[in-house]
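Heads up, the next two complexes both have chain A, just with different partners, chain B and then chain C.
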Partner chain A sequence: MTASTRGTLLLDRGVGPLLVLPATLLVVVFLVGPFYYMMYTALTDLSFADASRNGNFVGLDNFRKLMRDDPLFWDSFLLTLRFVVLAVSIEFVLGFALAFLIFRFVARQRLLTTLLLIPMMIAPVAVGLIWRLLLQGDFGMVTYYMRKVGLLSQNAAVLSSPDLVFPAIVAIDVWQWTPFVTLVMLAGLMSLPRSPIEAAMMDGAGPVRVFLDVMLPLLKPIIALVLLLRGIDAFKEFDKVFIMTGGGPGTLTELVSIYAYRVNFRNWDLGYGAAVAFMVYLVVLILCSIFYKAIYWSANRPAPLGGHG
Partner chain B sequence: MDRPASRPWVAFAWAVLAVAVVVALTPYLWIVLASFKNRVDLFASIPKWTFTPTLANYPAVFIGKDYWPLAINSLVISTSSTALCIAIGAPAAYVFARMDFPGKEDLFFFFLTTRMAPPISIAVPLFLFFTALGLIDTIYAVVIAHTSFNLSLVVWMMRGFFADIPREIDEAAVMDGRSRLGAFLFIVVPLAAPGLAATAVLCFILSWNEFLYAFILVAFEGRPLTVGIPGLVTPHGTLWGQVAAVAIVATLPIVVFTFIVQRQLVRGLTFGAVKG
Partner chain C sequence: MKTFAGRLIMGGIASVLLQVAQAGAWTLEEAAKPYSGATVRVVGEALPPLEALAKLAPQFEQATGIDVEVEMYEHSEAVNKVQLDLNSRRGRYDVIIQPHRELGKFATNGHLLDLAGFMNDAALRDPTFKPEEQLYEKPWKEISWYDGKMYGFPFTVLNLFMWYRTDLLSDPKEMEGFKAKYGYDLAPAQNWDQYRDIAEWFYRPDQGLYGTALQAKRHEALWYEWLNFLYSFGGDVLDVKSGSECGPVIVNSPQAVAALDYYKSLLAYSPPDSLNYFWDDVMALMQQGKVAELIMWNDATYAVAVDETASTVVGKVGFDITPQGEGGKVGQIEGWSYLVPTYSKNQQAAFLFMQWMMGYDRQLEQHLNGGATGRPDVYAAAEVQKLPYSNASMAAHEAGRPKATLPQSSEMTDILVRELSSSLTGEKSSKAALDTAATEISKLLGSCAPMSYPAL
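Up next is the complex of A and B:
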C-alpha cells in the first residue's frame, strides 16, 4: 500500500468529514446555542424593564399568554400571513409572466435580466428609504403623480394613510422581489427539455395546450421552490417595513418580526419576547422542511432541476 | 412553441418588458438624482427631473457628518466575513460533495435551517452572548454573526459546484501522489474558481446589505452603512440629499457586483437547487 492510497483511505474513512467540523462548530455556537437559549428564556419571566423579573422559571406561562391573551400577537401574525400570501402570489404571477416573455421573445437576455434584478440586490434598508422618499407627503415623486391621477387626495400621504399603507408595503415587496421569480423561472424555462414540447406540437397542440399540459407540469418542482423560498423570506420581512413605517401607523403594518422586535428591544420583555420569536422560528422551520422535501422531490426527476452532488 | 412569433406579439412583449424595466429602475434612478440635488430642487412640490446638479451632499454627509468610517466598517465587515465563510465553508462543502458519512444529509439540512432562521428570533440571545463576551458594539460581533449565517450558503452552493467537477479528476491527482488535501487545494479549488468567486460575491453582497444583526449588535463604533442611514432620517427636516448620497454609496458597489455574478445568481439564491 502506497502512502497516497493510505492517505486517501484515511480521509475517506473518517478524517475527511472532520473538515465539516469548523463550519458546524461555528454555526452551533453562534446560531444553535442562541436558539436553545431563546427556547429556555421563553420559559422564564426575564425582563430588563422590571428588576424583580430576573429570569424565574415560569413554565409555559409565556406561551399560555401568547395563545390566550395577546390579540396584538395574533393581529401581527395574521397580518404577516396576509402579507406573505398577497405579496408572494402577485410576485409569482408577474414574475412568471415576465420570465415567459423574456424566454419567448428576447434572444439576448443578459443585460435585460440584470437591469430587472437591481431592486432585489440593493440593501432592503435602502429600498425602504428610497420608497420613503418617493412616498413622502409634501414632495414625494410618486405622491405627486398619484395625486395627479386622482389615486391620492391632496393632503393624504400613502405611508400614514390607514387604507393605503398595507397595500403599499405589499406593492413595494412586489417591486423588490418580482425579479427573483423572473430570474428563477427563466432559468427553469431555459432548462426545459425540448423533446416533449416538440412532440406535443407535432401532435397538433396549440401554444396554450403546450404550456398547460407539457411545460407547467415539468416546471412544478421549480415553482414549488420559488414559492417556498419567497414565502420563507416574506414571512421574515423586517428591514424594509421597519424603515418605512416602523410598524405604523398604529400597528397597521406591524408584521410579526417587528412585533417581536418591539417586545424584545423596546419593552425589554425578554421572556415573553422569546416565546414570540419562537413562534416566528417555528413557522419558518415548517416552511423550510417543506422546501427541503421539494428539493429532493425535484432532484429525483431528470429535469428541469439539477439537484446536487 | 418555436414557431416564429408574430409581429404584434413581439411588439407587445417588448412594450411590457420596457414598462417592467422602467418600473424597476425609476425609483433607484430617482434617488441617484436626489443625491445630486440641492435643497430647493429636492423639496420642490413638483418633481424636478432636470436641475443643476450639485456634489455638495456627498462631502456634507461623509466628511461633515463623519459618515466615511461607516463605509470602511461596511467594507471590513463584508470582506472579512466573506473570507472566513469561504475558508471554513468550502472544505466542508467539498466533504459534502465527495464523501459519505453517517448523518450526512441530516447535517446538510441542518445547515439550511440555520440559514433560514429568522434573525429576530436569535437576536436577543446573540445580543446577550456578545455582551457577555465583551464584544458588543464591536465590528467582531457583526463579522462573527454574518459569517455564521452565510456559512450555510457557502456549504450549499459550493457543494453543487464541487459535485460538477468529475470525481476522476481528484482521484487522478491522488494517483499522481498528491494527498487528498493537496488534490482539493491545488486541483479542485482552481477548477471551481468561477463558482467560488460567485459564492464569495454573493456572501459579500448579503453581508453588505444585512441590517438587523448589525443594528442590534453595534450602535456606535462598528456601525456599517445600513445601520447608519436610518439615523439620518428624522421626523422633521430630514436632509434627503444626504440620505440619498449615503444610499448611493451603500448600493452602487452591489449594483456593479450584480452585473458580475448575474450568471451564478440563480444558483446562489436558490441554495444550489436551480442551476442558471
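Up next is the complex of A and C:
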C-alpha cells in the first residue's frame, strides 16, 4: 500500500473533519465565543466601578439608552462617518493617481514601492507620537515650517485649533494609508489583461475613454476591496487620534472608538460599553454589505479580475 | 489587702516591662521569618519615586529573605493593569500603588484589604511605626482612607502650587515697567488679579516667553489644574465634607462659573498649543525658560528647579502656594497610595514591605530622588529644607481640600474634563459647560446628589 492510498483511506474514514478541528476551535475560542459574550454583556448592567451592578440582566435597556438618550454617542458616530468618508476618498483619489503615474511612467518600481511602504509599516501608536511631536506648538518641526511659510499664524497651533484639528487627523491618516491604496491599485493595474485595452485602442478610443470604459470596469473588484478594507480600518481608527488629541479639544476629534474606550476603560461601564461596541459592529456590517453589493451589482454583472469583460 | 495591691502593682509593672521588652524585641528580621522566600510583587507608575523604591528594595530583601519584584508602567497603563487584575481576582499583585481617585471604586468592590488587622498585630507591626503621628494626617486620610477605614499609606503626596521665575520678577527693569503699568509692585502673585497681570506683562511670544502655561488638553491634567482655581474661587464639585461622601452637586455655582471664566481668560497669555498640553509639555516649557509663572505639580519640581542636566532655569524658580481667591488659600490634593489587594497571597509580607518603606530613612532617600513624601519629619530634614520648593509643598499639604473618591469618581472626572475642554474651545460658554457637567454628574450619582443650582 502506498502512502497516498493510505492517506485517501484515512480521509475516507472521516479523518478530514478532524484536521479542521484545531482551526475551528481557535476561531470559536477567540472570535465566536467573545462575540457572543459581548452580546450577552450588552444585555447586562455589568460595571467594574459600581459594586451593585454585577452583571444583572437588564434586557434591552442599554440599547434603549444608546438610541434615545446618548447624544455623545451619536455625535461621535457622525464624526467617525465624516472621518471615514473624507479620509478614504482622499486616500483613494491620491492613491489611485499615484499608482497610475507609477504604472505609466516609472520603469523601476521596486525601490519606489519599498519607500512608499514606510508610513504603513510604522505602528499606529508611533505615528501618533511622531505627529504629536511634529505638530507640537512650541518645538514641533512641522509647526515651525508652517509658521515660517505663513500657513499658520504665530499664535495658533494645529492640534489646539478647533478649525484645524479635524482636518489634521484626516491628513495624517491620508499620509499613513495612501501608500496602501497605491500599492493595491498598482497590483491591480499590473494584472490587467492587455487584449481588451489594445482592442479598444484599435477601435479608436482615446486614453480617457480607455481608462473610463475599459480599465475602470476591470478594476472594479480591486477598487471595492480597497475601499472596503480602508473603510473598515478607518472606522476603527483609535491609536493615532487618541495619542495626538485624546478626543479633544472638547469633543472635536472624539471618534466612536475613543468614545467606546472611555465608556469601557475609563468608566468601566462594561454592559453599556458592550452595547456601544455591538452597535458599531452592526453599523459597520450593514454599511459594508450595502457598499459591497452596490459596487458589485451596479453594472449588472461582476467583472471578474483578468476576465475579458 | 496590702499584698494584693502590691501584687497588682508588681503585675502591672511586669506587664509594662514585658511590653517594653517585646517592643524592644521587634525586629524586621524576626517578623519576616515566617514569610521568608515569598515574593512581593509591586506595581506602580514608572516615575522617579518608584525607581527609588526599586533601588531600595534589595536592602529589604537582604534583611528579610522576601523577594520584591517591581513592575512599572505609564500612568493609565498602571491603573488599567491593576483594575483588570483585581477583577480577575488572580492576585498577581501584592502591593498596588494607585492614585487616590481609584480608591472608592476598589474599596466598595471589596478589592482592598482593611489594614486595621495588621496594624493591631504585634507580630507584624513595628512599634516605632506610628502613621497617625508620623504622616501628614489630612493628605493621608484623603488619599489612603475610605469611609473611615484605612487601606494604605501614602506613596506620594502630590499637590499643585504656584511656580514663578525669580529672575524675571526681581529684574529692576521689569519691576519699573510693571509698576508704571499696573500701579503696584511686581512680586509673586497673592491673588488672582495679580496673577493675571503678571501673566499679561510677561506674555511676549515673539521673544519666546509666555506669561503662563495652562495644562488644557482633554486629559486629567486639566481637571487637576482647574480644581485649584475652583476651590480658590470658593467653589467645589460636591457640597460634602469628605471624599467618600455623596452630596449636592455645586459644580455649576456662580463661583465655579467665575473660576472657569477666569481660567479661560488666562489662555490669552498661555502658549498657542495649550489646548493640547498636559503636565509633560508645560514642564518642558518651564525647563526651557519659556514661562513666567504657572500652577504646577510638586513632583515635577526636581526636574525643573534642581536638575541642571535637564533644566535651564535651576536657581531661577520660586514657589508659593496657589494665589488666594474668595475661597481662601486652598489647593487640591492628590496622591498615590500603597494598597494591598484582598486577593494577594502574600499580604503579611506586603504589609511588612510597605511598613519598611514608610520608615524615615527610606522616605528621605526616596524624597531626595524625586519623591513626594507624606512625612513632615522628612520635610524638616536639613537636606530637604535646602530644596527651594519644600515650604510651598508643605503649605499646600496643609491647605489641601478633599475631592470625590466615590466609585463613580473617574466617570465624574471624565465628564468634567470633557465639558471644561468644550468650553475652552469656545464650543460652549462656561455656564453651559458646567450646567451640562452638573446635570450629568447628578444623574450619575443618583438621588444623593441633587443639583443645588438648576441648569438653565
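The working rule: the second predicted complex is superposed on the first by the 273 of 309 C-alpha atoms of A that agree within 3 Å, B and C clash if a C-alpha of one lies under 4 Å from a C-alpha of the other, contacts with A are read in each partner's own complex, and residues count from 1 in each chain.
Rule of thumb we're sticking to: a residue touches a chain if its C-beta (ideal position, glycine included) is under 8 Å from a C-beta of that chain, and two chains touch if they have at least 3 such contacts.
All of these numbers come straight from a predicted model, not from anything done at the bench.
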First, second, both or neither for A:D138, with chain B first and chain C second: both
First, second, both or neither for A:W74, with chain B first and chain C second: neither
Which of chain B and chain C A:A126 touches, first, second, both or neither: first
Which superposed partner A:R266 touches (first chain B, second chain C, both, neither): second
Partner chain(s) touched by A:T245 [first = chain B, second = chain C, both, neither]: second
Contacts of A:I118 with chain B and chain C, given as first, second, both or neither: first
Dominant toucher of chain A (residue count), chain B or chain C: B
Which of chain B and chain C A:D50 touches, first, second, both or neither: second
Which of chain B and chain C A:A156 touches, first, second, both or neither: second
Residues of chain A at both interfaces, chain B in one complex, chain C in the other: 132, 136, 138-139, 265
Residue ranges of chain C touching chain A (in the complex, touch as defined): 80, 83, 87, 105, 108-110, 205-206, 216-219, 271-277, 281, 284-285, 290, 407-408, 410-411, 414, 418, 421-428
Interface residues, chain A side, partner chain C - complex: 48-51, 132, 136-139, 143, 154-157, 159-160, 162, 244-252, 262, 265-269
Footprint of chain A on chain B - complex, ascending: 1-2, 5, 9-10, 13-14, 16-17, 20-21, 23-25, 27-28, 30-31, 34, 42-47, 88-89, 91-92, 94-99, 101, 104, 107, 109-114, 116-126, 128-129, 144-145, 147-149, 151-152, 155-156, 159-160, 162-163, 174-175, 177-181, 205, 208-209, 211-212, 216, 225-226, 229-230, 233, 240, 243-244, 247, 250-251, 254-255, 257-259, 262, 265-266, 269-276
Footprint of chain B on chain A - complex, ascending: 4-5, 7-8, 11-12, 14, 16-17, 19-20, 22-24, 26-27, 29-35, 37-38, 41, 97-98, 101-102, 104-106, 110, 112-119, 121-126, 129-134, 136, 138-139, 141, 144-145, 175, 179-180, 183-184, 187-188, 191, 197-198, 201, 207, 210-211, 215, 222, 225-226, 229, 232, 235-236, 238-239, 243, 257, 260-261, 264-265, 270, 273-274, 277-278, 280-281, 284-285, 287-289, 291-292, 295, 298, 305-309
